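As structure tokens, here come the structures.
Next come two complexes, and both contain chain A; in the first it sits with chain B, in the second with chain C.
Right, the complex of A and B next:
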């Protein structure tokens, strides 16, 4: 094997431009595959991290009537907070959230919103809820940048808010925007209005009630609670997993095409080699190689393209991938319109597993593609091959 | 069987299928070659000399009969055993040199030693010795396309001789060379034959080569037509 590796290396380096063209194409595949996969892993990590920080914490309890995809359930989705969570809430390790359906009237227009009551002192979410702890002449409210943009609202703007209390009676008051925050999680920003929890409870006559209870510690054992549904973190991020999976499948097609192009070049080189290097094949056999060993040599030669490609790819790929990890890739359109947790700039994350798996897959495929045409050598007549006669 | 013989051939026949019939290239060949011989298979094209050389070189097998090379019956060897025989004991010199064009002169000569898994330091010494025999120590880094035909054939001789084989098989070694280069090559081979006692078997119809042979085996239509020994003083004229 050592001899085959040495000879294969000499043959490849000796073949010059043809080898380097194949190596460059293949190295490009390496770098692009690792970069694309890195972007997906980075997106996955970023999306889950953003969701944790802005929306789901370490997991949640949902009121049993609550259905995020059906706003009509909001009227019934509230209940007193179970006594067993009192200590956790007092420690700040659990945040109650009360939600009601409402309407706001910015600049004479009408917009349905989910009014969310949240404790201004909470620190589980990155929401700037401390801005709700402000003495103003209207109810303080914070909104997301996406909604502020679409409704043309700015900090300090007043608008009328209407809601129905627990008894079904409509009421209205003025709110003032005390902060506009920017997250990468559209569901936190789109048609959401955050006001102080106690204010909303008074407004709706839902004393000590909540719709969602978000806890900080994802690892703690959670018991079932009557009237509430436990939603572990992995359940809440499952939608992101599904999107990433779909994207991964889509991108697999892209880099399969990329790989196919590189493999075509290798295959072509191998087929040509077997015809053009017949005398050489005969010489190897005359000097003491078996035909099987020559097949092995040609296969190693082909496979070595991928090793050289990995090295060449490392030369320009490592600086490029490191630079991308630092500056990220900015999506050339507004990611906020995509409707899913996605930052405008994605930062690729590369793991050793990703790099090793990619290299192994490419080396394996290259070896198979190299072996396929080389099998013809096993059927060659060495005396004909020595004379370079086409067989 | 004569155990002192390098090559022993008994009632050897070789046929090639040609459509529904068969072409007999060699018929009922009986020969024996001893150690240190400088012998040629002489005959016109199609007389079977290259076919016989290929069988002796274990690159081909007889249709019937036996060819014993270094006490091994080539027709009965497995592919691995035949490769082992070629690797350890046989050297080949071809009409068109058959050098590895992308390798340097050094690497070409080194190749048989790599297959024998000889250590790097010893390998280097053996290669340089072989290149010294053929007078090419100043070309170690050149590649075959940078060499003349004569130089290429000298590299091929060095490659065949570097492992000190028992038997060297040379198929029309001077066919692509001019007279001066042919004589130079042949004198080199005669010197190696005398100094190292290596057996040389040629397939040729070149008068220049025939002039150096000590034993001439004439083949005609696949049969031995004549087998004659030459007095030493005739080859030294």
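Right, the complex of A and C next:
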């Protein structure tokens, strides 16, 4: 085996430019695959941590009627908070959120919004709710940057808000924007207005009621509560998993094309070297090599392309990937348009598992591709091969 | 003799006082009765009418014409006749539910939840406003709070306060024609007292023995960009035969 490796190495290096072209193409595949996979892992991590920090905490309890995809349910999605959560809420480890549909009139235009009542003292979410704890001559409200941009609202702006109380009666008052926050989670920003929880409860006559209860600790065992549906973190982030899965499938097409190009080059190289080195093959057999050993020799030679490619890739790939992990990749379009938790700049994350798996897969594929044309050797007549006759 | 003359004067003064106190009471029926007479003018078993709705925007105005078949306050069917973009659009209201059929997509969608609060084709009327037509006598307590002249007609000003919980507007103010018992102006208020909508009725005509305003001008007072929406009834018939099949979802696609 040692001789085979030595021979393979000498043959490869001896082939000169042809070998290095193959190695460069293959090394490019290595770096691009690791980078793209790193971007997806980074996106997955960023999306889930942003959702945790801005929207879902460690998990939630939803009122049994609440369905975020059906606004029809919102009118009925509120109930008194179960007694068993009182301590957790008092400790600040659970945040109740009350939601009602409403309409705001920025500059006299009409815009449907979800009015969310939230405790100004909460610290589970990064929302600047402390800005709601202020004394102003209207109801203090905070909104997301995306909504502020689309409605041309700025801090200190006043607008009229209209809503309906528990009985369905219209009410209206003025609100003042006390803060505008920016997150990477469109679902906490789009058409939503956050006001103090107690104010909303009073406005809607929904004393001590809530629509969603968000808890801090994702690890704790959670019991079923009547009238409320427990939504663990994994369920709430399932949409991210689904989109990452779809993106991975989409990227696979790209990897396949890249690898196909590299493998085509290696396949060609193998076919050519077997054709041109028939005398050498005949000599090996004459020297006592079995046919299988000669096939092995050529396969190792082909597979060694991938080892060299991994080394060459490491040479320029490691500085490139490290630089990317530091500065990230800025998406050349508005990430908010995707409608899901996605930062404008994605920072790739590379794990040892990701690098090792990629290297192993590429080496394995290269080995198979190298072996494929080498099988022909097994059918060769050694005397004819020794004479260098084309078979 | 002098004493008798004084007695006559006192008697006259008492009669005059009595007359001034009682006569207005006779001329002004109780507020609830006024509401009842308004309901009698405006409500009917069923009605078929053609109307045109003109939406006045910041830059331009557009007019939409439609034909509506309504039975009581629970069922109605509307077909839009023009402009060409809206032609063939149909709206069906059954009890608390509302469906809209769009011929361009050949699909029927149910308008529900917050969508009911959206404006109808960009007007100052929401779907909910169009659906909420319960009798005033059933939903509000009324009180006459004054008089005013509107468009040369003497009106009572009625302050309406909700007597049931599920009302869209906590209070209303109505200016009612003293002679014809037709509201000529209405203001709708939020619970906080903020004025939400104002409508002005005009072109009052007598149709089949009842007084009816043919033109209503609505204005959402919170919307500043809109110049209001005019609603004019071009033809109306009360208590006619309306085919039953109109009030089914199948009729939307016909």
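Criterion: the second predicted complex is superposed on the first by the 391 of 391 C-alpha atoms of A that agree within 3 Å, B and C clash if a C-alpha of one lies under 4 Å from a C-alpha of the other, contacts with A are read in each partner's own complex, and residues count from 1 in each chain.
Going forward, a residue touches a chain if its C-beta (ideal position, glycine included) is under 8 Å from a C-beta of that chain, and two chains touch if they have at least 3 such contacts.
Keep in mind the model is a prediction, meaning the values are calculated, not measured.
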Determine, for the superposed arrangement built on chain A, whether chain B and chain C clash or fit.
fit
Mind checking the angle chain B, chain A, chain C on Cα centres after superposing, to the nearest 10 degrees?
150
A:282 in the overlay: touching chain B, chain C, both, or neither? Say first, second, both or neither.
first
State whether A:290 touches chain B only (first), chain C only (second), both chains, or neither.
first
Return first, second, both or neither, reflecting whether A:171 touches chain B, chain C, both chains, or no partner chain.
second
Report for A:383: first if it touches chain B alone, second if chain C alone, otherwise both or neither.
first
With the two structures laid over each other on chain A, which partner does A:112 touch: chain B (first), chain C (second), both, or neither?
second
For A:11, select first, second, both or neither according to whether it touches chain B, chain C, the two together, or no partner.
first
Answer with first, second, both or neither: which of chain B and chain C does A:162 touch in the superposed model?
second
Once both structures are superposed, the least CA distance from chain B to chain C in Å comes to 72
Residue ranges of chain C in contact with chain A within the complex:
112-115, 117-119, 162, 165-170, 188, 190-192, 194, 196, 220, 222-225
Would you pull the chain A residues touching chain B in the complex into a rising list?
3, 6-7, 10-11, 13-15, 279-280, 282-283, 285-293, 382-383, 386, 388
Please name which positions on chain A make contact with chain C in the complex.
70-75, 101, 103, 105, 107-110, 112, 160, 162, 164-165, 167-173
Under the stated contact criterion, what part of chain B meets chain A in this complex?
50, 54, 57, 59-60, 79-80, 83-84, 86-88, 92, 94, 96, 98-103, 107, 111-112, 114-117, 143, 159
